[in-house]
Each structure stands twice: as structure tokens, then as C-alpha cells.
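Next up, some structures in C-alpha cells.
You will see chain A twice below: alongside chain B first, and alongside chain C after that.
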Partner chain A sequence: MIEVKKLSKSFQKHQVLKDVDLTVKKGSIYGLIGANGSGKTTLIKHLMGIYKQDAGEVFINNEKVFENNDIKKSIGYIPDELYYFPMYSMKNMASFYKKIYPNWNEERYINMVHTFELDENRRINKLSKGMQRQVAFILTLSTMPEVMILDEPIDGLDPLMRKKVWKYIVEDVAERDVSVLISSHNLKELESICDYVGILNRGQMLIERDLDELKSDVHKIQVVYKTEIPEEITKDVNVLHQEKRGTVYLFIVKGEQKEIVSKFNKYNPMILDILPLTLEEIFIYELGGVGYEIQNVIF
Partner chain B sequence: MKSKMLFFNIHIVLEDLKRYWGMAVLYFLTLFFSGPLNIMSLFNNPNESPNSAIKNFLNLRHADLQMVLSIGFPILLAVLIFRYLHQNKSTTVMHSFPITRGQLFHSHNIAGVVLLLLPVVLTAVILIVLLNIHHDGSKLFEEIFTISSILKWVWFSTLTNLIVYVISVLAAMITGISLIQMILSFISIFLPIGISFLMIHNFDQLLYGFVINDRLLERSVAKIIPITSFMCNETIDSNFVLWYIFLSIALYFIAYLVYKKRHLESASDTIAFELLKPIFKYGFTFCSMILGGAYFYMIERIDSWLYIGYFMGAILGYLIAEMIIQKSIWIFKNLKGFAIYGIVILIVFTGIKFDLVGYEKRIPNIADIQSVYYGNGLYRYWSDEEDRDNHLKTAENIHLVRALHSEVIAHKDEFIQKRENRSTERIGIAYNLKNGKTLTREYDVPTEFVNTNDAISKIYESTEYKMNYYDIFHLNLNKVNYIDIDPKLKDISEPVKIVVSDEMGEMINAIKADILDETYKEFMNNKSHWADIHIIYHDKEKSLESEYRNNDIYIAWKKHDKHLSSWLKQNGYYEKSRIMPKDIDYIIIEKTSKEIKNSDSYDPMELKKELKENKNEKRLEIKDKEQMEEILVNYGVDWRDEKSYMIGIYYTNGVNDLVWMTQENAPEFVKNFFE
Partner chain C sequence: MFQIDLTSRKPIYEQVMDKFKQLIIKEILSADEKIPSVRELATQLTINPNTIQKSYRELERQGYIYSVRGRGNFVSNKIKKVDEEKLNKLKQQVQNSLSELIYLGIEKEELIELIEKTYAMIKGGSRDD
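On to the complex of A and B.
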């Protein structure tokens, strides 16, 4: 479990994080989304006890992280920029991790090396960027973490590898109740695996939501009426967005699905379809109304 | 469950050793090749002795290569070990491990110290093996090549390396750039001695009478850091060893605290702490300012240049410091700080110039004075090579030195103005006060002031001063081996050698009598000496260590030395001891041209040639022996004084000499001729 309370941080005079709150529940996957420079990496470095906050608190499993070895032993962290000791092979690195992390799982390590088809004895710095990312995954997952903090982890991985990686992570969450925080600037990428999403904008947490709740709460409805659309409808339901293409109306509506459908049905539509909404659309519509330029945030 | 916390992490130590052992090997090899290998080959070579090689290797002061290594290796090692702090990627990863900063710090340093120690210890082990193999009971193995001297070498080398290393570790914590770490460490090592050197040379220009005491620098400031101490001194006393131990522990502890406070996002920042930025900036500006002042003043010894130097140095230093901190060359909008700095410095300088602390005008009260010193500079005052006390204690002399001092202070402005285009002499004044303190001053005053000053001449003429000043009064007659009298022109005759002990005693007494009779005016006249007297004595009590000590006294036989002259005549040495008119073929005298009078750079060879060949000038040629004697008595050696007449002396053996004579010393017949 990760808990961040009112975290603030400035680099010299430039404020990077402002009163950020964040909660990752045990056994869930949390997607941290934000544009470049929104403060994701800085936030994550606080979660790892690397940076010292100016104000606020960071807890993992109810303990403060900063300089806390016991907590850090149970965190698997993949930074945005990878670093391995110069001249080291994966084997050397693994033997170092083995000594540092008490929960190291040798069996899993050997297994993963096998699955990812990597040469253990090659110098890591000679490997390609994507392969270096795989090494990071193998090492991190072999420490059997209780909490995983992954900063843009799948950047530079090919789709096949992404699949493998997601599989491991989802399995860990399912089997061992691992809490995961993944950052990305790409909402689509996280849509399929996250339970929660937080959007960080210019150092402030814009919104934090449970995805299932969100999805059951916002609906995209396509209707065609014989006549003009009855004006009452837009007053009856909470319309976030509406569009007209010929005779086809497109509504983004917030609320209970059944209730909304029954309200539309009252006026006998010729066609009524409920279309799937992407996470991106949900955010754009939900926040667009509040006046944020959400499009810039969640690409 | 809390796991057991050690203050270090053994795995980090081992990783460091694994990663940097190559550095230690390099250090060891350099030590090995310069020391043991060299000594080994000398032992095996029957024609050469290994003594000096061993001596030089084991004494850091003489081992230049080791000095360079002792600075370079620890700095480089600290740079490599703490390189991870200076890169964003590695900082992030290293601090994401379940290892606290304290553990990281101590672990890295344990590895660092091991890597520093091992090469030295290994070299020492090899030396001890060599010692045991070649030990033949000779003096070498008793005095120079001993176990204790090898252990001492290990101890001092380690101490030296350790402090440089810890300084560099602290620098690593302060900055976010490895290159800056390197530069900062290097500067810090030489900072104490550099700053004090610049400060005293600046005070010398700003404060009238300020004394530059380089010895004090070597003995105190240089010793703050062992490496500079070894550069200036033969040995280190135990108090300073304690200080070095304290210093390394203190610096280590500070570095540790700084690491704990460090914000890791400062990787790649020049200075990692906001608080240190102004200190760095203004410190840099200040150093650059005094360096600029010293440099400009050295080129042109004019006060206005000094201030131009200060300004140039300060602005340049400020801009460079700002550029380093901002890592940009566009810093010109940040000049407000410089203006504030300028105002503060202006106030301080005005304070110094108006002598607010009363430095320039301070003369101790007679009641407080124990003894005084007056001399040609303070060299003899500081010098401890003379075992005896050279201070003046009589009430008369104390009074005279105070009078002289106040006279110099009163003429300050006049003397400073004259200093630029007149010849000057340095005078040194010191007071030893009853409360144990001393007050020292040095002044450059016009030569004519020294020549004519009443107080100085009275001091000189006092018996106390002469007894202090001349070594001959402290000579034990029984220890004198022989005395040479050398009339300075070697080709004319062999030096006269006096070996009979009675004669030597009489002669030395005559010399003493002449010294006591000599007036200040005689002492200061420009006449050259008849001969150099060289008294050689033995001093067996002195140990081998100080073999370079002088065991002789040089003293001049002056033209006005009546006792000596008559003694030489009585004993038949007179004519052999000086140049006589009979040794001279002829003498040519010309009026000196203005050009030569004012310039120090004339070519004696050229002048000699001109004198011999150029017969167009008005010139006096002397062949009369009596006139020759008059010239011999009165000519002077070349110094910066007035040179009225240029004289060529042509000896019978074909050698010639170019000498000078002042208007004052010239005999009547010469004056008459040129009128």
C-alpha cells in the first residue's frame, strides 16, 4: 500500500509538486498519468525515498520510506533511466541484488532469464535499450517485491515483450497481492490493466479515480429520433457532451446506465446504441467541462 | 521485524573493491618501480650505493613522485567512488537500494581507505623483506634503512593520503560535478597556504611597515595540511600529527553530515547547497581580487595599478564564479551582488588605509620593551641559525630604535613617493615586549635616509650592536684552523695564508679593534676593500645532520682598518695582502656619462673596451705610483650609488678591471683635472 499526503517539492525556486495526495490500495494497479514535466518522476523518487520532500509525507505499508531499509527491501523499482554498474553482466548484477534483497527468488530469476531469452553473461551496457529494460524487469521481479513502482516501464519494449511483462505483473498482483504504481504519459497503454488512475498536471493531482466506477458512470449514447430531439432530455440527464451528425445525435452522459436508457426510451428513439468509451474520452469529457485542457494532459 | 543494522554494508564494500582494485594496483606499481625495484637494482650493482635512493624514497620531502601520487591518487579515488552522486541515473538507482545513506557513505569509505592503504603497506612489506635480505650490519641499516623508518614512512604516507582523500570526499558531497570535485579538492589542499601568501603580500602593499614572514607561513600555515607541510619541512612534530588525526576525523564527520543533508536532485549542479553558493561566489571573488592586486602590483609597482588589479581581479572572479554556479555564460544581469561586495570591500579598504586599528603608528612604550632589534631587514631576527641572541637591550639602543621607528613613520608619505624612482634600502625593526609578544616592522626607505640617519649611525656605533652583528666576536680562538687573506685579484698573487696560532690571535684581535673603532660613516662609504679575510674554524660538536653549516667567517679588510693594516705591516704580510701600485701598469679615468650613471644595465666588457680604445674623450692617464695609491685607496665597487668617475685599472700582468669612484671620494688631482 502506498500513501502520499500533501507532498510538496521545489527545485530551487521552481515548484514541481504541490500538495499531492495519492493512494494505491493493496493488490491494485495504479496508473499515474501526466504529460512530460508534470512531476511524475519526481513524485516517484519521493516514493522511493530518493528525494526528500519539502512538505508532506510518504508511507509505504504504513511506514515512512525515507532511509527505511526494511521497507525498501520490499519495493521493486524500475527508474525511468536505467543504471547498471559499468562493466557488469546481468549475472554480476543479479548476484549483487541477491545479496541486497533478502527475498530474492533464484528460481524465478532463472525462469525469467529463460523466458526472455537473454544472455546472462553479456555486459548489460552492451545490450540494446529494450533488452536493458527486460533486465530491469527480471531483476526487480526476482526480488519478490510487495510493492512495485515502475516509472515508464514499457518504453522501448516491443508489443510481444509488453505482453510478457504485463502478464508477470498481473500474475503477481493476483497471486501475491502486490501493489503496483505505473507511470506513463500514455493513457491508452494503461487502460487495460489499471484499477485506478491518477492524473498529474503541473505538479498537482488533477483527478484520482477507480476505473470500473468511472466506466460505469459515463456513457456514450447514439440516438436517432424521427423528429427534432426533445429539449427535455438534455435537462433530464447529465450531458457532458453532445454532437449532431445529420440526424444522429451523440451524447456523453453521466449517470446510471439503466436510468439513462429508460429516459431516452421515453421519447421513442428510432435507434439507440450504447457505444464503448475509451478511458481517454472519459477524461476528456469529464474534465473538459471543468475547464481543463485535458487533451494536452493525457496524450 | 527490524533487521539488524550495521553501520556499513559489506556488499557495497566488496563491490567497490571489485570495481576499483585496478586503481590501487596502479598506485602500487608506481610506488614499487620508484622505490623497492630501484633499491633492489642498486643493491645488486656493486658500483653504486643505494643509500641516497633509500633516503629519498623514505623521506616524503625528497620524493617528488610520491608527493604527486599522494595528491593525485586519493583525489582520483574519491572521484571514482563517489561518481554515482554526480549522475542522475546512478544516484537514483544507488539510493533506491535498501541501504541508508550512512551505510553507503561508510561502506564506500571503508573500501576507499583499504585501497589507499594496501599499496603503501605492500610496498613497506617488500622493503622490509629487502632490508632483511641485504642487512649486513653497516651504518645504512642502523641509520637510514630501518624498520622504524619504514613504518614511519607508512604512517606519514597514509596520513597524507588520508587527508587528501577525506578532503576530496567532502568536496564530492558539496558539488554535483566530478570535475568540480577534483578542482575543489586540489584548491582546498593549497588554500591555507595560498590565501595566507596572497594576504600577507597584499597587506605588504596596503599597510606601511607590514612584514612578510615567509618562515611563519612555512612553519604554521603550511602545516595545516600534511602535504604542504612535507613540501616545506623535513619532519612533522607530534602536535601536528594529532592535529592531522583530528582534521581527518572532523572532515569525515562533516562530509557524513553533508551527505545526509544533501538533496540528491543536485547531481550535476555545481554547488549542491544553496547556502554554500554565496560563500563560494564571494570567496572566489575575494581570492581572485587579491591575486589580481598582487599580479598587477608586481608588474608595475604603483599604487593605482594595485587598485586596478583589485578591481579587475574581483570583477573577473565574480563573473567566473557566477558562470560556474549558473553553468551559463549569460550572467550579466546578476551584478547586484558584485555592487554589494564592492561596497563592503571599499569600507574594509578605507579602514585599512586610514589605519583604524593603528597598525602603522604603533610604537610600544619604553616600559613595555624587553629588547629591540634593528637590521637590514628582519632576516637575521627570524633566523635561528645563529645560536646567540642578536637583540639589543641597552636603554640607549632601545631609545634609538624607537626614535628611528617614529622618524620612519613620520616620513611615510615622502618615502612611499620616493620608493618608485630612487634607490631604497630595507630596514627591519622588532620589539620583544615584556608580555612575551613581539612587534615587527619592515620598511623600504631611501638609501640616503639610511646613509645619513643619526639614530642608525648611533645604533651601529654602539658596542652592543657590533658585538651582535659580527660573528668574529663569538669565535673561539682555539678552534680556528687558518686564515686566508685574498686581495680579490687572483691572478696577481696567491692568497696569504696565516696558520701560526699566535699570529691568528693577534690578527683577530686587530680586526675586532678595527670593528669597534669603525664609525657609521666609514661603514657606509663606497670604497672597496683591500681584501677578503676568510677565517676557517672547526666545530666538531655539530652533528652530521647539519653538515651544511658554515664553518667559516668572511670579513673585509677595509681601507680604514688601521689596527689590521699596521699588524699586517709589522708581520710582513701587508704588501702581499693587497694590490700595490707596483702591480699596476697604468690607470685611465673618465667622467661617467649620464647614461651609465642612471642605468643598471651597462655592459662592463663594452666599457672596458671603450676605455682602452676610445681616446677622444677627456681622460686622465695615471702612471705615477703615488697617484695610483691614492686611486687605490679611494675607488669603490659598483653598486647602485652615484658613479662619478669610471676607472680602468690595467695591471702589469695584462689583466684589467673596471671600477668607479664618487665625486666625494675622488682625490684632489682628479677633481682638478676634470674641472
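On to the complex of A and C.
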């Protein structure tokens, strides 16, 4: 379990995180999303005890993380920029990990090297970027972590490798109740794997919610009326975004689906379509609500 | 067992539920048959176990499956009670499609034939055994 309470951090005069709260329940897969520079990596570095916070607290399995070696042994971390010792092969790296992580699982390691079809003896720094990511996964998952913190882990992996990686992660969650926090810009993939999401915006947590709940709360509505659109309707419902294409109106509306439909139906539409939003759309419209320019984003 | 469409806008837990309902209604899964555990299905489909759990919970609430503590989930043997909400929604859908067909000039007999054909296709198998 990961718990962050009122975390704040500034670098010189620049405030990067402001009163951030975050909770990842045991056995949950949490997607952390946010625009570039919104503070995701900084937040993650606090979870790992790499940065010391100015204010607030970070707990993993109910223990403070900073300079707590015992708790770090149970965390699997893949940073955004990988680091390997120069001249080390994966085999060398594995024996280093074995000394540090008490739960190292040799059987799993051998098994994974096999599935990913990597040469253990090649120098890691000579491998391609994607293969270096695979090495990171193999090493991290072989430590049998209780908590996984993955900073943009799948970037640079080919589709087949992603599938393998997700399979291992899902397996760990299903069988060992591992808690996972993933940051990524690949919202489609996050959407299919996460059950909880947090949207970080300019150092503050904008939304933190169950993904299905979040998705059932915002709707995309296409509607056509015989005459002009009744003015009152935009006052009746909570409109996040509105657009007109020919005679078709497009609304992004927040609220209970039944209620919204009945309100639109009151004015006898010729066509009324209601669609759930994708995570990508939620992300864009929610940020649009807090002052992001979205006019030019095309769907 | 089945595939999930990750590009669909439909939530995954609903997709999982729909697939199970289909399998149960078509009697591919028979009454009191054990369905895969949450873990099995999650790893098989590479889907979040919590999502599968949610589908199972909802399927149980709607009476399609029942769970036995420590043994797993089983197909219910009394699935006559389809949820009203879904029923009404489907009827509405059929009505919409039917009116469209009528506008396009399809005759009544042809519509009835279509319904009978579909009915026979789904239920036809069980008549023989």
C-alpha cells in the first residue's frame, strides 16, 4: 500500500508539488497521469525516498520511506532513466541484485530471461534502449516486490514485449496482491490495465478516482434538434465542452447518465447518442476545465 | 475463453459480463458449471484482477452466477430472471432497428421471417437434444 499525505516540494523558488494526496490500495493498479512537467517523476522520486519532501508524509506499507532500507527491499522501482553499472552484463547485475534484495527469486529470473530471449552475458550498455527496459523488468520482477513503482515503463517496448510485461504484472497482482503505481502517457494502455487513476496538474492532484466511476461520470453526447438548440439546456446540465458540426451538437457533460438523457429528451431531439468517454478524452477535457487550451485537439 | 476489445468504449467489466451472459444464455456454460477463478481469467486475458472481480460481483448480483466460499464461482441454475433494465434497453434497440427497416421498405413477412430465423439459430441447438 502506498500513502502520500499533503506532500509539498520546491526546488529553489519553483514549487513542483503542492499538497499532493495519493493512495494506492493493496492489490490495485494505479495509473498516474499528467501533462509534461506536472510533477509525476518528482512525486515518484519521493515515493522511493530519493527526494526529501519539504512538507507532508510518504508511507509504504505504513512505514515512512525516506532512508528506510528495510522497506525499500520490498519495492520494485523502474525509473524513467535507467542506470546500469558500466561494463556490467545482466548476469553481473543479477548477482548484485541478489545480494541486495532478500526475496530474490532465481527461478523466476531464469524463467524470465528465457521468455524475453535475452543474452545474459552481453554488456547491458551495448543493448538497445528497448532491451535495456526489458532487463529492468526482469531484474525488478525477480526481486518479488510487494510494491511496484514504474515510471513510464513501457515506452520504447515493442507490442509483443508490452504484452509479456503486462502479463507478468497482472499475474503478480492476482497472485500476490502486489500494489502497482504506473505513470505513463500511453493512456489507452493504462485504461485497459488500471483500476484507479490520479491526474496530476501543475503539481496538484486534480482527480483521484476509481476508473470505472470516473468514466461513468462524464459523457459524450451527440444530439440533433429540428430547430436551434434550446438555450436552457446548457444551463440545465454541467457542460464541460460544447461544439457544433453542421446540425450536430457535441457535448461533453458531467453527471448521472439517466438524468442527463432525460434532460436532453425533454426538448424532443431527432437524434440523441450517448457515449462513454475514453481516458484520453477525460484527461483532455478535465485539464481543459482548468485552463488548458484544447480547441485545437482533434478527435 | 473469449476476447476483450480494448479499443471499445464499453468498460471492460461490462464486456466481461456480457461475454459471460452470452455463454450462459447460449448454454455453452451449463448450470452449476464452474467458471474460471478471478486469477485465472485475469492472467489469461491480461486484465486487472479487480476488474474481473467487479464483473463477477455484478454477475452474482444479477443472478447469473453464485459463489461458494473457498470453491469458486458457478453458473446459476435458475437464470430466468434477466434484469429488467437490460431488457427494456434491448427492446428499445430492437424497436429502433425495426422502424429503420420499415422505413427502408421491408415487408412485415420478411421481418417475421428474420425473427424466426434468428430465434432458430440461437435456440435451434437445444431442440435436438
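What we mean here is this: the second predicted complex is superposed on the first by the 271 of 299 C-alpha atoms of A that agree within 3 Å, B and C clash if a C-alpha of one lies under 4 Å from a C-alpha of the other, contacts with A are read in each partner's own complex, and residues count from 1 in each chain.
Here is the rule we use: a residue touches a chain if its C-beta (ideal position, glycine included) is under 8 Å from a C-beta of that chain, and two chains touch if they have at least 3 such contacts.
Everything numeric here is computed off the predicted structure, so don't read it as measured data.
> After aligning the two structures on chain A, examine chain B and chain C and state clash or fit.
In the superposition, chain B and chain C stay clear of each other.
> Taking the superposition as given, does A:228 touch the first partner, chain B, the second, chain C, both, or neither?
Neither partner.
> Please work out whether A:158 is in contact with chain B alone, chain C alone, both, or neither, and reply first, second, both or neither.
A:158 contacts neither chain B nor chain C.
> How many degrees apart are chain B and chain C as seen from chain A, counting from C-alpha centres and rounding to the nearest 10?
160
> Considering only the touch criterion stated at the top, classify A:45 as touching first (chain B), second (chain C), both, or neither.
Touch status of A:45: first partner only.
> Report for A:167: first if it touches chain B alone, second if chain C alone, otherwise both or neither.
second
> With the two complexes superposed on chain A, say which partner A:96 touches: chain B (first), chain C (second), both, or neither.
first
> Using the touch definition from the top, say if A:193 reaches chain B (first), chain C (second), both or neither.
In the superposed model, A:193 contacts chain C only, not chain B.
> In the superposed arrangement, does A:77 touch chain B (first), chain C (second), both or neither?
A:77 sits against chain B, while chain C stays out of touch.
> Rounded to the nearest angstrom, what is the minimum C-alpha distance from chain B to chain C in the superposition?
27
> So which positions on chain A get touched by both chain B and chain C?
In the superposed arrangement, which is not itself an observed complex, chain A uses no residue for both chain B and chain C.
> Where on chain B is chain A touching in the complex?
Within the complex, chain B contacts chain A at residues 1-3, 5, 9, 11, 15, 19, 87-101, 103, 263-265, 274.
> Given the complex with chain A, which residues does chain C contribute to the contact?
Its residues touching chain A are 6-7, 9-13, 38-39, 42-43, 46-51, 54.
> Please name which positions on chain A make contact with chain B in the complex.
11-12, 45, 48-52, 67, 69-73, 75, 77, 79, 81-87, 96, 99-102
> Where on chain A does chain C make contact in their complex?
27-29, 163, 166-167, 170-171, 173-175, 188, 191-195, 212, 215-216, 275-278
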